Structures are given as C-alpha cells and as structure tokens.
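Lettered A, B, C, D, E and F in written order, each chain numbered from 1.
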Amino acid sequence: MRILVVNVNTTTSITESIGEQAASVAAPGTEIVPLTPSFGAVSVEGNYESYLAAVAVMEAVRAYPEPFDAIIQAGYGEHGREGLQELFDVPVVDITEAAATTAQFVGRTYSVVTSLDRTVPLIEDRLRAAGLSDRCASVRASGLAVLDLERDPRAAVEAIAEEAVRAVREDRAEAICLGCGGMAGLSEQVVQRTGVPVVDGVTAAVTIAESLVRLGLKTSKVRTYAPPRPKEFTNWPPS
Amino acid sequence: MRILVVNVNTTTSITESIGEQAASVAAPGTEIVPLTPSFGAVSVEGNYESYLAAVAVMEAVRAYPEPFDAIIQAGYGEHGREGLQELFDVPVVDITEAAATTAQFVGRTYSVVTSLDRTVPLIEDRLRAAGLSDRCASVRASGLAVLDLERDPRAAVEAIAEEAVRAVREDRAEAICLGCGGMAGLSEQVVQRTGVPVVDGVTAAVTIAESLVRLGLKTSKVRTYAPPRPKEFTNWPPS
Amino acid sequence: MRILVVNVNTTTSITESIGEQAASVAAPGTEIVPLTPSFGAVSVEGNYESYLAAVAVMEAVRAYPEPFDAIIQAGYGEHGREGLQELFDVPVVDITEAAATTAQFVGRTYSVVTSLDRTVPLIEDRLRAAGLSDRCASVRASGLAVLDLERDPRAAVEAIAEEAVRAVREDRAEAICLGCGGMAGLSEQVVQRTGVPVVDGVTAAVTIAESLVRLGLKTSKVRTYAPPRPKEFTNWPPS
Amino acid sequence: MRILVVNVNTTTSITESIGEQAASVAAPGTEIVPLTPSFGAVSVEGNYESYLAAVAVMEAVRAYPEPFDAIIQAGYGEHGREGLQELFDVPVVDITEAAATTAQFVGRTYSVVTSLDRTVPLIEDRLRAAGLSDRCASVRASGLAVLDLERDPRAAVEAIAEEAVRAVREDRAEAICLGCGGMAGLSEQVVQRTGVPVVDGVTAAVTIAESLVRLGLKTSKVRTYAPPRPKEFTNWPPS
Amino acid sequence: MRILVVNVNTTTSITESIGEQAASVAAPGTEIVPLTPSFGAVSVEGNYESYLAAVAVMEAVRAYPEPFDAIIQAGYGEHGREGLQELFDVPVVDITEAAATTAQFVGRTYSVVTSLDRTVPLIEDRLRAAGLSDRCASVRASGLAVLDLERDPRAAVEAIAEEAVRAVREDRAEAICLGCGGMAGLSEQVVQRTGVPVVDGVTAAVTIAESLVRLGLKTSKVRTYAPPRPKEFTNWPPS
Amino acid sequence: MRILVVNVNTTTSITESIGEQAASVAAPGTEIVPLTPSFGAVSVEGNYESYLAAVAVMEAVRAYPEPFDAIIQAGYGEHGREGLQELFDVPVVDITEAAATTAQFVGRTYSVVTSLDRTVPLIEDRLRAAGLSDRCASVRASGLAVLDLERDPRAAVEAIAEEAVRAVREDRAEAICLGCGGMAGLSEQVVQRTGVPVVDGVTAAVTIAESLVRLGLKTSKVRTYAPPRPKEFTNWPPS
C-alpha cells in the first residue's frame, strides 16, 4: 500500500526526516511517500501559519498524481484534518490523534511535550475536539522552536526530557507523546530519562494508517466528511 | 470607529447584504466596511471550503489599506478566528460566538438553525471550542443551501421557522440563533412563529465589536494570540 | 434608553461609585439610574447576605416608579438574576456574566480576581450555572473585604494586581475580570501590571445592556423566565 | 434528637403534611418540628418565589427558640441551602439532594418527576450545582401545580405515575424521585405503576439528617459555609 | 435488621476491626455480621487483587446461609458493587460511595486520603463511575500500605493527617474521607488536625444501609442490576 | 510475534470463531493463540459474570506456558483489562476500546450495537472509563443473547443491522462498532445496510496489538499498572 505523509511546513529537510521516520516502522510492502506543501511557512508555530498549512496540505495531496491508500498529516496540533477527510475517501490520520490514541493503550494518562508554549493551546484544542483530552494529563512546552529542534538535537533532547520528567512526576502522566513532527527520533532518550513509554506521532500514525487499510476501512461519508458540494471557486487554486 | 465585516465566501451580493444588515444596527459614528475575500468558494458549506475561507479572510484583512478598530468574521461555524486574533491587535468577533453569547443573555438555552445538515458538526465544534456549548439545546438544519437562502427568501423563512419551532418545542430552546450569514433579515418572521427571542449573528457581532472598542479592550497577546513569529514563507501570499 | 444599575448592598457610596462607573461608558442618550436596595447588608460577602440581596434587588426594581429598558445587577457572584428575569421583560445583565462574556472575546482564558476567599465558591458556582466556566482559568481572592476596597484603594490595587499577575503566570489566564462591584476604576492599573486586558463587570454590563436593547431583544418568556403565576403572598412585601 | 423540617411556602396544611411524612419514618427518639415561614408565597413555583422562600426559611430557623440538631429544607429545587449552612453548625439537608443521593444507591440512573414544567430548570440547576446530575436521566413535569396536588391527590397520582413510566421507558431511569414536597405519600402507587424504587425527598432527608447527627458530623466551616462576617444590616429582619 | 459487612481481603483481624467499627454506630436492633472472603489476597492494593476480591465478596455473600437486609462492601475503591446488586435484591452500599455521599452533605468539596499511591487511580475511577467526582477536590495517598495501618496506628495517623491538612490547604477540600477500610477509628485525630469534618466509610455505610432499609427501598431490577440470566457455569464456584 | 486472544466465556466454539476472525487479519508472522478460561460462564451478559470473567481471563493468561507479545481481551464491555496490565508487561488491548478507537479515525461519531439491553450500561461505563465516550453517539442493543448470535446468524444480522440503521439515522452515528465478540464476521452485511464503516473489535484489536508491538511499546509501570506487590493469597488460585 502507499501512504502519503504530508509535512505541514515547507522545509524539505524536515519532510525528509519525517519520511525516514515513517519508513523505519512501515511494514514490508508499504510505500511511504513524503510530501512538502508548495506554499506556506518554513515552520508552523501558531494559528495563522497552521490555517495556511491546512490549505497547503490539502492542495499538496490534491496535486499528487498517483493513487494512494492513506494520508498522514504530519503536524502536531495543526488544523485541517477534517478537510482532507472531505476531499478523499482513504483514511486520514493526524499525528496528534495517532500519538494520543496509541499512548492511551499503554498508560492510564499521557502528557504531550511540544516545542513552543504558544502551540500548547492549539494542541489542547485539537485533542479536545477529537475527544482525546479526557486522559491527557498535560501539554507542556520545551521552549524550543521547531527549527531549533533540527539545529541542535542534543539540546532538544535535554529540554524535552526535562519537561517529560516533570509531566510524569507532577502531572502523573504514565506515557509521553512527542508533540512535534520534528521530534522524530528522540524517543529512546526520553524513555531512558522518564521510565515511561514514549510515543512518536509519525510512527504511531504509520501503524494506524496501515491498520485501517488492512481492515478495509474508509472515511465515513454520511455527514461530516461528505464530499464538498460541486461549486465554483474564485481565484483558486493559485496558478 | 471603523469595523471590517468580512464575508467568508466570494459572492459579493452576500457581502452587500451582510454589510447592510451590519449597518442597520451600527451606532452613529460607526463605519461598517464590508469585505469580500479575493479567493475561495462562492459559498462555504464544509470543512475544505471553510479552511480556505479562513485563510482568504485573513488575507483580505491584511490587504485592507486603512486603519480599523475591529473585525467581524461573518461566517457561521467557520474556521479562522484565532488566526485573525494573532495577526491583529483589534478585537475580532466571530458571528457564531456573537450570536450564542447574546442569546444566553435572554434565554436559559438556545438553539441554532443553520442551512445544510453537513454544516451542523462545524457549528457544534465551534461552539464547543469557544466554551459556549453548555447552554446550546441543539443545532438544527433547515436543509437549504446558502445560495438557496438568497434565491428564495420566502421558502427560506418557512424552512427555518419550522426548525426553530421544533427547537423550542422538542429541544426546549428559549432563544434561537440564525446560523448563517445569509439569514440576515429573517429574524422578525421567526420571532412571530416561535414566540422566543431570535438573534442574528451579524447584528449581534456589530454591537459586541462596538462594545469592546468602547471599553478600550484589545486582543490579549500573552500566549494564544501572540503575533506570529517572524519567519520566511514559501510562495505566499499568492501574487 | 434608561438602564437601572442596582447595587446589591445598602451602602450608598458604593451605589454612587457604581453609577459613576456605569455612566462613564454609557452611550449618548443612555440614562444610568443607580438604585440602592431598601434592606439588606452593608456589604455582601457570603450566601446569607447574597440571598437577602437577591430579594432586596428584586424589590428595589419593583418599587422603581418609571419605565426602564434594562436592568444591571451590580454584584459579583450574587444570587438572584433569574428572579429579575421572571419579574420583568427587559434584558437583565449580571455583572459576573457580563465580565466573563466580554473577557472571552479578547482572551482564550480569563481569571477573576475578587475580594475575600469566601466569595470564590459563589463566583465559581455562578459562572458554572451560566455555562461560562469552561474558559475560566481561576477565581482568585485578594483577601480584601468589600468595604476595605473603598477605604484604601491604593492597597486594593496592590493586592488585586498581585493576584492578577499570579493568574496570568500560574493559571495561564489571558484576561482578567475584576470580581467585585467595588473594584470599578482599578482597571488601568491592573492592565499595567499584568499586560493583559482587564474587564470591569459594571462597564461591560452597560455595553451589553445597551446592545441587547438596540437589537430589540427581550427576555424569553417560554419557560424558565415565564412571569410568576398569580398567587397570594403572606406578609410580603414588607410594609 | 430534634430535626427542624422547614416548608418553603406559607401554606400550613402543606407544612403539616410534610411533618407527618417526616415523622412516619423518624427513628424512635427523633423529634420532628415542622416550621412554616412567616412570609412568602402560598406555593413556590419559580425563581422569584424561590429566592423569597430561601430568605424566609433562613429567618424561620433563626426565629426558632429551642436548640436543634439538624435542618431539612423541604422544597424541591429551591434556592437557599448554602445560606442555612452558613448560619448554623448543624447539618442541613435539602430534599432535592436527599432524594437524588438516595436514589443513586438503588439505581444506576434516576429521574425526577415534579409539578409544573417551569420548575424543571430550577431542579436541573440545583442537581448540577450539587454535583448530582451525572446519573440523572431526566427531570419531568406532571403539569400539576403544587396546590393541585393537595386538592386532587387521585389525579395527581395518575399524572405523576404517567411521567414516571415514561422516564423508565424512554429515559432509562432505574429509580424515580418525587420532585415536590407536596407529593409525600404517593410513593407506593408510583412503585406499583413503574416497578422501580421510588424515593420521596422528605423521608429520605429525615434518614440522612439522622445519619449525619449519629455520625457526629457538622457543617464544615473552613470556607464556603463559614459564618457570616459581623456587619450591619439595613431594615432587616423585618419587624 | 441484619447487615452483612464484607471485608475485601482475607485478613480476619481487619474484618474484626471493620465489624467493631460498624457496630459502634449501628442503631439498636441492627445486627452487624462481618464476613471474610474464603479466597483472595491478605490485602487489596491494586486491580488484580481488587478484581479477585470482587468475585470473592460475591461468593462470600452467596455462601451466607441466613437472611439479611443489606450488604456493605467494605473496601475503598474496589471493584464489584454492581455484581452484588445483580445477585441480591437488598440494598448494597460501597464504602467509597457512602463516604463521598456523606461528605457532600457537610462540605462543598471533599478529598479522600488513602493508603498507597497505586490505589489512587482505582478510587478516582470508582468515584467517577458513581457520578461522585464532581465535588472531589483530590484523592491523596499517605504512602502507607493497608497492613502498615494496622501495625503502626500512630504513624498512620501522622501520615494521614499530614495529607488531610494538605488537601484542605492546597486542594481546598472542606471535608475529608478516610479512604481505606483499615483506617476506621482514626477520624477523631484527623478532625483535630484539620478542623474539617472527617468521614469514615464504614460507619457512613452503616447509617446509609439502615436508612435504605427503613425507607423500604431495594435495588432496582429493571436494567443494570437485573438478576443474572440462568445459565451454565464451568468449574465455578470452586469446590 | 505471538498474540494471545482470550475469550471471556467458556464456550470453546466462540473461542474458535474469535480465533479465526483474529487470524483473518493478522499480518504474516503473527501467531494468534486463542485461549478459553478454565472457569466461568458459558456466556457473559452482566456484571456478576463479567467480574468472574475478569479473574478467569487473568488466570488463563497466567497459566499460558509460552512467551507472548500482546494480549487481546475479547469480550465487549467486560471488566478486567487493568488487572491484565498489572500482571504483564506486554500491551493489553480490550476489544471495546480497540473498536471505538478505530471507529474514531473514520467517523466523527460512532455507535455500538451490542447483544442484550442489559449489557448496554457495562459498555457505556467501560467507554467512559477509557475516555472514549465523548464521540459515542449511542450504545444500542439488538435484543439477541450472545449464544443466539451463534445459533442463528441470519436473524442476528437482521437485528443488528436494524439497530445500526437507527443509530445512523436517529443518533447521527457516522461509524458502527459491533459490540460483541460473537458478532465477528457480520461486518460486511451491516456495511451494506448502513452505508457507513463498520468496525469489528477483534480484528481492530489485532492490528492495534501488532502496532504496539512493532512500535516497541509496553505497558507503563509507574503507577496504575505497576506489578502487584508481593503478598500472600488465601485459597488462590483454585487447585
């Protein structure tokens, strides 16, 4: 099967890193296709950028010329998943929800450790809208920007692990979700520091997307995710 | 003061109608400036179109060359309000929240009557994210598309009034919100049919925007709505 | 239009101060009529006094001989608003709800800073009953009694600002509501200390009451706020 | 021990009936003292009357000259319990909460059947404020006024039983609370019609009040129910 | 009347202590029958042991040869109450729910102080399933194992009182529930240290069980607690 | 990898059917080992039987002599999952949660269609405890007992499909979960009748268990699921 893994920002090195992370856990026979949006911000850290990313991700998938079996939206706490579900029949997996869902199978509660404090409300709102906030002990910020994570992975591990330890001690989290696409690959070190299971959204999303395809499931089209009605658009898509 | 009232679709006749509705209730000294996005769908009835509208509304306000004191997003249940709050300091009022907030002052519970059933989940999610769903008795659909409302106002009144009556009788709503920008102007007739207060989002939003300006309030910038960080964008805005 | 602004305690200097605060934001053409109950406590800081105030406020409005367009109940977290809504058709605005509602338009979350710790549960319960607790980050007490606020405004500012700063830092509030009628006039100083929008209930209530009147809205009478049934009373009202 | 059972209206025949109901279940050695407020409405069926009753009940207990061990507020869904808890150290039991609490021990869910539809919101709000709404399947109205219940008990049984049957069938209630002080004595017949346990608030309250006294428990005074601060009152109590 | 008080572990000295505690508050004419399960763990401090206790308690009651009027399950936060309600018609009272229900009558909020931290989630889940978590300020652990409580009551009082004091100060609890069957008898000392009402589950459960019997109430059999369907069992009960 | 799939009842034909269903979706290299408890009821349809099953399932896994990588508890709405998580390090997947989690990826809301009405509360409670009830539109009963499903699959499909259609129409479910281990194999027919995705718990659980193993995740041991403390047991396990 073929799974599209769509980055939410336009930094191709991040797309590559996400793609490699996804491929590392994919089953034999699964083809991971990493996509980068053709427009948007070089990193997504707020609502304006996230709404823009939502649209850019949708257009990136629409522009992909080959058939595919599932879509992974590889941005943590970002807008847009429902739009993809309207446009396509194949399963759509958001890494925020993939990580939370997976964490709930191995711990009674989980915390998310993300990049900047300003993205905490986006993640909280997303989890709540998805009905996944009940067992969320906390969403904590490491204080590192998305691109900092890439530039200095060592400091990143330190900052993330520190918040993860606090989440376990103070918020009573029993599992940790790495709340940023760019954190892929840090799991092992955070496990060692916290002693609890650590879930990376990208790899979790790959196994969930594969599962949905293997179960023969597609997005329900009876109401919320019914295909858009045929209608005219003004000046869109951009040429 | 000057209030921008931004339509979410690209149909200028609807923009005009919204603008007139807004102007009808504006205080002396308030200038209503209706804006139409430069790109997007001719009507917004689903997530894909709504995410696109979110971005188009933000760009429309960014392109507006004069100073202004408040922004009204005139789409019911649409995405994007938080992005406007990041980009600008002036108060931003979403008509979904304006209507609900206003209805709560005159009835213990309220229902929303909207256009198509497929937009019900968007409105429900929006009210919940805004912390305004607790007193929401129901969100009901009249079954009419946005553009149908414009084409046949008489049938529209009939369909909307019928659902409003059901909301009062079956869901125990004590007030009704007209859940679509295009419904502006139908309030009086729905009042007569239901016997309960009927709130139109656009006019409610105008009085709220004026109130916030008069109180000297601006959007809080300490966390969720902090200005976007300076960064590069790829191929955006579209030229 | 004429708006009755009813104090909940019998201290006329507080009534005057509330009246001036209300008048300072009223639109041209709005007449603010401050009322003091004819019986009750000199300050309201608990349930017994608050229930008594509820009845006294209702009787004060019933005794007012002229027509009026709206009622503001100027006590923070006090009982009684629903009774006023039963007795009269015009809109009734409680300052607790006015402040919270207004704060929600300028911050994702808000905190209330009130007088004594013992009034915190009243405010929490009131916000919850009004469906406005979802975005409430905290209700904090400055430790000052209502009459202390009047006697030593300088110390009051200090104590209130300190709790407001804690609400922003520790509880992640993005806006502050001044939770006591007697705090009117301290907004500016708390803004400077916290850097977030500060909402005073009395002025917020004035703009909301004006808005409801301008929109032609009256209290819904279909169920909760239906007029009292005609019946006999024993020894009431007191002669 | 001596338990004060305070009627919320001024109709002495109802006070007597409540007193008899209470006495029928009291343990040997328990003295039931029925009290009627000295002012207020002849029946309480709405917020205005209920707020007045809250104050009248408090004054009735304050005027009682002998010592006592517990207080029962015998009005369903009425305001005021927190005020009594401030004024006195002995346990205070509201029949609304007594019935719900008791019902929860014998059924997974319960419904309340009350008098008029207009009192439904009061009961719902009261249960919610007391943290007892989670297992409440519904609050239903028989359509009978409080005094009608007294005048025509046979029709009352019929109307109440009909709603109780609906609560069991349609709302999946597993127990029924009789939601009106005046319904005392109808339990047996509703049991026969529904086949589920039926709880009368007055008798439930007696056993709970006795239990609290036997356990040596008194109202907590550390915060919410701390005694009123010493202060002056204007024109109160009425002479 | 005869009330079975069933210990959840197989340590008979604890059964005796629970029985004495229960008898100390029982009304004249109430016979307390303490029962020890014939299989299970010597102390219950986790899910495996608790599920086993659930079954063992049910079998212990099934094996009791004489008639009885009510059942008390004397384990804090343990599984199994619903099974007892299916098997028998008489009222079943779980001490977790008995304590919380009782505490709610004397304080706006309550906290539970239990033995080991690992049992906190069990108690939290139990309170939530019973619809009693809304007013729960916190569940805190003293760090003492069940059998430690028995061995060193003095250290137990110290550790429990310390957490109770924290619950009142930090979590704003207004009443304390002693969250362990083995804590019976420590109430008085915790009252002295905290100044708030302290509720012991076993004694609270006795008064509630007696109340339900006096009110003539039995477990509802219409749905959740309907008797098990007649069917075959494999190798059960153990011979 | 080896996955234990444990039936909750002692009917081996159901164990076989569950095993076949599980094997049908297992990845190459996954060995499915169906287990039948050595004691318990021939079908589980209530709390008594479910608590007994919880213990029997735990003992069945404890008695399994070979190593294994994950455990699936194949009973819908049954007790016991937390106990398994305490006893073992490998991931434990309950089919109730597996189905709900999976359904949430393909529909905004889901309904469960189960066997008898009496099991509805168990499923509701289980979903709520797992934080998965927020998007649950309803739990509906087909009225068929577990063993009826096996005896007359044709009638079973009819009854289940009918409730599924109602869930979609009346409760606005966008996906259906088959709420009974014995329903394995009916998915396709329910899809045809409802037009929405249908999730079978057993197959969903297999893909989730495989995913957790592939991601290298194990049950968190820091608090809720810490291994049982070493202690003595009386007469257990049964010889």
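Here are a few things to note about the model shown:
Throughout what follows, a contact is a pair of C-beta atoms (placed from the backbone, for glycine too) under 8 Å apart; a residue touches a chain by one contact, two chains touch by 3 or more.
Chain labels with UniProt names: A, B, C, D, E, F = Hydantoin racemase.
Quick caveat: nothing in here was measured; it's all calculated off a predicted structure.
Comparing the contact residues of chain D and chain E by number shows a mostly shared set, over half of all numbers used being common to the two copies. Averaged Cα coordinates give chain A a centre that lies 44 Å from the centre of chain E.
Each chain gets a centre from the mean of its Cα atoms; for chain C and chain D, those two points are 30 Å apart. Residues of chain F in contact with at least two other chains: 108, 121, 223-225. Chain contacts here close into one cycle, and each chain has exactly two touching partners.
Residue ranges of chain F in contact with chain A, taken from their complex: 25, 27, 91-93, 97, 101-102, 104-108, 130-132, 134-135, 168, 172, 174-175, 195-197, 199, 203-204, 207-208, 210-212, 214-215, 217-225. Residues of chain A touching chain B in their complex: 10, 37-43, 45-52, 54-55, 58, 79-80, 82-83, 85-87, 117-118, 120-121, 125, 128-129, 145, 223-226, 228-229, 231-236, 238.
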